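These notes are about the structure you will find just below.
The chains carry the letters A, B, C, D, E and F, assigned in the order they are written, with residues numbered from 1 in each.
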Amino acid sequence: MNGTDRPAAWQSIAALAASALLVSSVLVVVDHFSRPRIEAERRAAAEALLAQMLPGIDYDNSLAASFTALHPVHAGDPNGVYRASHKGRPAAWVYAVTTGQGYGGAIELLVGVDPAGRITAVRVTDHRETPGLGDRIEAGKSTWITQFEGRRLGDPPAAAWRPNRLGGAFETISGATITSKAVTDAVRRVLEYDTAHRGDLPAVEKGQ
Amino acid sequence: MFAGIVVVTLLALGAGAGVLWLRRYLADGTEKLVAAIDNLLPQIQCAQCGHPGCRAYAEALARGATTIDRCPPGGERTQLALAELLGDAPGGAPLPSPARTHLARIDEAACIGCALCLPACPVDAIVGASGFLHTVIAAECTACELCLELCPVDCIALVPRPEHPVSTA
Amino acid sequence: METAVLIIVSTVLANNFVLHRFLGLCPFLGASARLDAARGMALATLLVLTLASIAGHLIFRFLLVPFGLEYLATLTFILIIAALVQAVELIVRAISPLVQRILGLYLPLITTNCAVLGVALLNVRQQRSLLEAAWFGFGAGLGFAFVLITFAALRERTDRAPVPAAFQGAPLALLTAGLMAIAFTGFGGMAGD
Amino acid sequence: MTIRHFPTAPAPHLPPSRDVATLMRDVLIALVPGIAAHAWFFGPGIFLQIGLAALFALGAEALAARWRRQSARRLIGDYSALVTAVLFALSVPPLAPWWIALIGMVSAIWLVKHAYGGLGYNRFNPAMAGFAIVLISFPLPMSQWLAPAPLGAGGTDLLEILRAVGLGQLPEAARWDAISSATPLDLLRSGRAQNLLVSEVRLDPVFGDFGGHGWEWIANWYLAGGLWLLYRRVINWRVPVATLGTTLLLTLPFYLIDPAAHPLPLQHVFSGALVLGAFFIATDPVSGASTPAGRLWFGAGVAVITLAIRRWGNYPDGLAFAVLTMNALAPLIDRYTRPRIYGERR
Amino acid sequence: MLLEHEPGEVLHPFHGGLRLRHYKRQSLSSPVSRPPLPARLVLPLCQHQGRAGRLLVSPGQRVLRGEALTVAEAANQVPIHAPSSGVVRRLEILPTIACPEPGEPCLEIELDGEHRAVAPAVPPPWRAMSAAELQRAIAAAGIVGLGGAVYPSAAKLLAAGQEIDTVIINGAECEPYISCDEALLETHPERVLAGAGILARAAGARRLVIAIEKRMRSAERKLNARLEVTTVPTRIVKVPSMYPEGGERQLTQVLTGREVPLGGYPQALGLVVFNVATAAAVADAILDGLPLVERIVTVTGTGIAAPGNRRVLLGTPLHHLIADCGGYRPGAARLVCGGPLMGEALVHDGLPVVKGTNCLLVLDAGEIADSAPVLPCINCGECSRVCPVQLLPHELHWAIRAGDLGRAGEFGLEACIECGCCAQVCPSHIPLVADYRRGKAEIHAERQRRAHAERAKARYLASQERRQAKAAAAREAAEAEQRLAGDAAEAKARIAKALDLARQKKAKRTPMTTPAPSRSRHR
Amino acid sequence: MSATLPAAQALPAKPAMPLAAGIWRDNPALVQLLGLCPLLAITTTVTQALTLGLVTLFTLLASNTLVSLLRRWLSPEIRIAVAVLIIAGAVSAAEMILAAWFHELYLRLGIYVPLVVTNCTILARAEAYARHHPPLAALRDGAAYGVGFLLALLLLGTLREWLGHGSVLRDAELLFGPAAAGWTIGSVTGHRGLLLALLPPGAFILLALVIAARRRLEIRAAPRIDATGAAQVAR
């Protein structure tokens, strides 16, 4: 560190710090301009998925903010719920549930239910099923998952809440009977839970 | 808002200072590396690498002051071994060594016994004394060629080593 | 402990960093031509990945989050990784010149190994705790080391085969990586991500 | 007296005792009983699959020979492509459409074998790599198995088989009952997911005495063929013994502790591809380990991974993946299991 | 070292090996005879592992049978003797079995057909001789191992500091076709026993084990009938026929259950192994004063009209010998010196018989494997299953093909005994042993280079030191005499100039045309 | 923090025809095998490939220009450290912009956007070229190599999307706005393609085939480049 052509240690550090200063200044500016938009986008993205769950339902609260964790007692009980409200009155419920009966492991689902107990939509949020077979439960991969819309307990009757491959009323994904059954079962369980416990759920508070 | 600038700058300062501090306070283990490199060199001591002897070349390599392709006697073999040790890519191929195949021979009829070649041989392979005939010890000559240019009567030449030395008397 | 096992099964087998997450491919291809080189690289990366995972977590939690500076994660992480790599190199050199000889060459290369930055960023995005982050970094390193060493031993054999000209070198290495990835597909589903 | 000249050659100067083509031919012969049993239980579809796979494999081999400027006759004459084709065909469902064989064989022969330099140089088992590639790419046709003969009516009709394989149309009548039926391993898995007891799962008619119905008999015939290969010294005892032994060893404790929740160890051995794999697939010399101890490790590894995938993985059977994984590890295993040299102190 | 059992009391297995069909009957059916004297003999000066001795004769000189032609002056030298009487014609480089191209220094003797011998120096009774005297006598008779290794037999006994406890006589002739040892045992069992006894005494051993193959029943009977000839306790052991049981390491393991240490010799275990023919040659030398000038050679194979064993003078041309065995059959396609597994194919039959020549094998086209194409190694592991040294022959093959000698060394290349088992069973028909020979030669050359470099380094350091000392002395002297410090600087300048000149010359020699590294290592 | 560049990455500067070098002869992805992680990870659709390619191009341009501008002030001690800082800054800026205006794409690309920092091509261009050349030349060099990388991404993206999904340019609206929704060629849903192409093993294998094909073209064009020569070209 003593030759004339090599800078002293403090000089190197200073140069480094100076460039760090410059670079971070630029980033601070970029952040200043992009931050509001990013946050808006982030919120919108979170809402968008939940909004998919409630087609045709009017609500005026933030679904993402309305989440309440539930404590499953039995296997198949939902582990959380989003509550939609319209003008202060409950408009719909979106249950989050996990079933362990998938082919490759746990399948996580959202099940939307309207006040009449009818399913508004079902979406898979996470799963480990075989690509090409079980993964057709994803909305983006096939329309299979939409067949639950409008169904409710009793329609079809409880005995027929299973894939047609197993003698039920629902379509089966070919080559993935197990997956189909797991999802069908899980949806039925949510409806049963909804019927039994909806009254116990806390109401949507103001400002949520 | 300025927190970002401060944090990054401080971090850069801290990291830079820390590394420099470490560098200053910790010794390094170059010695062993030099020994390892030296061990791979052909020990012909011909100085064709531009350093006075193999050890000096090893030191230069350990410092990173030169490249691994400077030793012609070592040839491709040495270069690959050095590349392996030092993690460099083998570069241009140096000239292959004549060492295995050749040795210096003094034409005894022409030698005038000037002894000029004596000090040039890095491995003391030339025996003789001023005014007497000189010879090269075949077993020791590394064919480095250092002696060739020094002979005033051009009596030293590199010749192929006899392949099957027949040891009949 | 169970988390640790799950994380390690996941990072080594089911979601291997190199074969399924595509992190650290440059050294995977670059340092796998010889087995001993691969061993050195594997060890060095294992060390740095674990340390970087922890350091990244600490910086994020105690420096960036309190000031709302999450957007500076990339910048600060790369800074800290580079310093870390240098520091590790210097310390190793001081403690044992021998280990330095084994690791020394590879340490500087690690700065540009995207697995290191990747592991720090993934920790943040997947909101791991400090302990989880440490295991994750370690598991990622193990996964990297495992496939790197295996791959290097394989390449010692493929290198001596009469491979068609168009496939020599990189294409064959990538093909091999692809077949290893196929083999590892079997482990899919064995652990979460 | 004139001096007479002779052409020279390196020692030894005895006629060779065996050659590669004989080895491969022996493997093919040893597979015959198993194939016959397969046809008996699952109908003649298997012959069609073997024919198609062989056709594509030899075609691919011939083209590769042309590109690599080698003699196609010599390449095909070593029969190794045929072995690859037959083992592949035995792994796919008998009603799989023809392009499964095409894609599987072309990738096996070109990508897995010739890109690496051809016979002797491939680092992965071509048949298993080809199988894994089509399994991952086309899970649907690859998971549609026929029920074994006494259980299902469909599938044995030649015309329907031709339609299924040629056009990808599954037989109408049999669509739900005989085709796409779960194999015993599938049932064990789904049973476990639903917390059923093994005894309950085993009530399903696809189960036989100790393996899957039909499957167990096919496996028995593979076993017979495998033993013949052992007798002929085509394969070394270490890989099959290690594979099957490890399977039994690993599953026995579970069964002893809780027979209701865990299948009989023999069940593990005789369902799926384990017997075929232990004698014919894990024994592929080229892509396997070659040291004596290494072969034991290789076989044990195949068994452990197969069982782990059956238990925790995404696929009902894991043999192909297990073999491929161990293929990748084989050079490393070889490296660390060098036998002690005569006179060497350890 | 205590052994649980005496050597040969209990037999032990060795790893690998081959059970081969033997084709010995063909050559054993006729008695051992002598071919007629040839017109001239060609004697390579060096017929063993080591160096030739100093030449004692000059062209034109007349020599008698048994007369020494060279004399040993160092431990690794062994003399040769004239097998018959005649005139030394020339000393020239001539093709030999060891070096067919270009050849090695040989003496050519034109025989006079009289076959006159030197008057045998009447040897003292051997029981009166000390071990050292016996060793000297064995050395002077030019005796080397006739089992194939042609290592000087006396040198084996000299092995410093090692107590020899048992002498093993190796009659386990395990290669197919070769039958010269069995023929010897059949015709001269007492010679073998006598030689064995002398060797035991020369070695200071207290036990003798004679190992023969299981099927040599009649030889066993004959040996047992004459056991009194030896003077130490003697055990005749029949070992199962399993190639390469005749290898001394394998034989040691079979007889004692112990392995010869890697890189060592049986002497390390207190054993020394000699071939039966070596023992008989010792008897000839010590009892009759006849040095090693002839040996029994098996001439056999499907390409030979009348296979048989012949007692042949060293230096006899091979074609002379073959003619004596009825000549070639029509299909003869390959001429091999040695057995089918270890033997070397010869280019022509004009080469002379030497001490190590135990068998001439002529095979017809149907029996050789030329038609079988060489395929790549399929990793089948058969080779390692049969390798008696427990090597991984295919790994050696890969390492050598890849030019990675270090790797080959790690895998034990130098422990390979070149028995050929691996190549015999290889389904891909890879000539593995040829690879190993090449690899060993390269390792040997590399080791020579290394040793040379080490010496050069030492000499360089010494010269540096001396020069510095001289420079320092010169400086001191200069200072003392108040002269300009000229010498040292001048010397330095001279060296610098030398370096410069060399470098310039180097530069002139460029541009370099060396090809780039040839192996394609992708990275 | 001055990491030494490995020899193989400090590439010789070839001033002539930078565009040809960047795209074909020294293509950073296909020949130098740099930045393979993003190349393999995100090329399941053309849209993603294009986005990441543009981010990389942007970063290369920014870093090459800035390093070239600063080249007189950068001492060897800190040169690389500063270059890394600049690159990280550029990438962070790009990341924020992406997050703000192309949020869905930002989510899909995940950590591979910030990982552009560790794409060695960028540092290699800064080290090998930008620090010796004036800004305009450095810019041109950055453009050549950036476009080369972008084209490799696009090629692999097209192959994988086409084989795996049976479409090209699906989800284009995420990058180009709603108007692009109709740009998709081929079917969007329901197609059962070669699933392997979309999965990690397929990515490796397809890249291997692309590189082999490129190699083959090269061997064809110059028949005298033998096997070893070709192997050396592609490290």
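Note that a contact is a pair of C-beta atoms (placed from the backbone, for glycine too) under 8 Å apart; a residue touches a chain by one contact, two chains touch by 3 or more.
Quick caveat: nothing in here was measured; it's all calculated off a predicted structure.
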(message) Hop distance check: subunit D to subunit E, minimum number of steps through touching chains?
(response) 1
(message) By mean C-alpha position, what chain is farthest away from subunit C?
(response) E
(request) Would you mind telling me which chain pair, B-E or C-E, is linked by more contacting C-beta pairs? (result) B-E
(message) What's the farthest chain from subunit B if centres are computed as the mean of the Cα atoms?
(response) A
(request) With chain centres taken as the means of their Cα atoms, state the distance from subunit B to subunit C in Å. (result) 38
(message) Can you compute the centre-to-centre distance for subunit B and subunit F, using the mean CA position of each chain? Integer Å is fine.
(response) 43
(request) Find the geometric centre of each of subunit C and subunit F from their Cα atoms only, then give the gap between the two centres in Å, rounded to an integer. (result) 21
(request) List, in ascending order, every residue of subunit D touching at least 2 other chains. (result) 111, 115, 117-118, 121, 133, 136-140, 314-315
(request) Specify, in ascending order, the residues of subunit F that touch 2 or more different other chains. (result) 1, 8, 78, 81, 85, 88-89, 92, 96, 192, 195, 199, 201, 205, 212, 227, 231, 234-235
(message) If I count partner chains per residue in subunit A, which residues reach a count of at least 2?
(response) 12, 16, 19-20, 23-24, 27, 31, 35, 104, 128, 131-132
(message) For the complex, give me every residue of subunit C touching subunit F.
(response) 19-26, 29-30, 71-75, 78-79, 82-83, 85-86, 108-109, 111-114, 116-118, 121-122, 125, 165-175, 177-179, 181-182, 185
(request) Write out the stretch or stretches of subunit E touching subunit B in their complex. (result) 45, 51-52, 54-55, 91, 104-105, 445, 449, 452-457, 459-460, 462-464, 467, 491, 494-495, 498-499, 501-503, 505-506, 509, 512, 514-517, 523
(message) Please output the residues of subunit E touching subunit D within their complex, sorted ascending.
(response) 15, 20, 176, 249, 253, 259-264, 317, 319-320, 323, 328, 332-336, 340-350, 361, 363, 367-370, 372-373, 375-381, 384-385, 388-392, 394-395, 411-412, 415, 420, 423-429, 431, 433-434
(message) Looking at the complex, which residues from subunit C come into contact with subunit A?
(response) 71-72, 75, 79, 188-189, 192
(message) Quick check on the complex: what are the subunit A residues that touch subunit C?
(response) 20, 23-24, 27, 31, 35, 104-105, 128
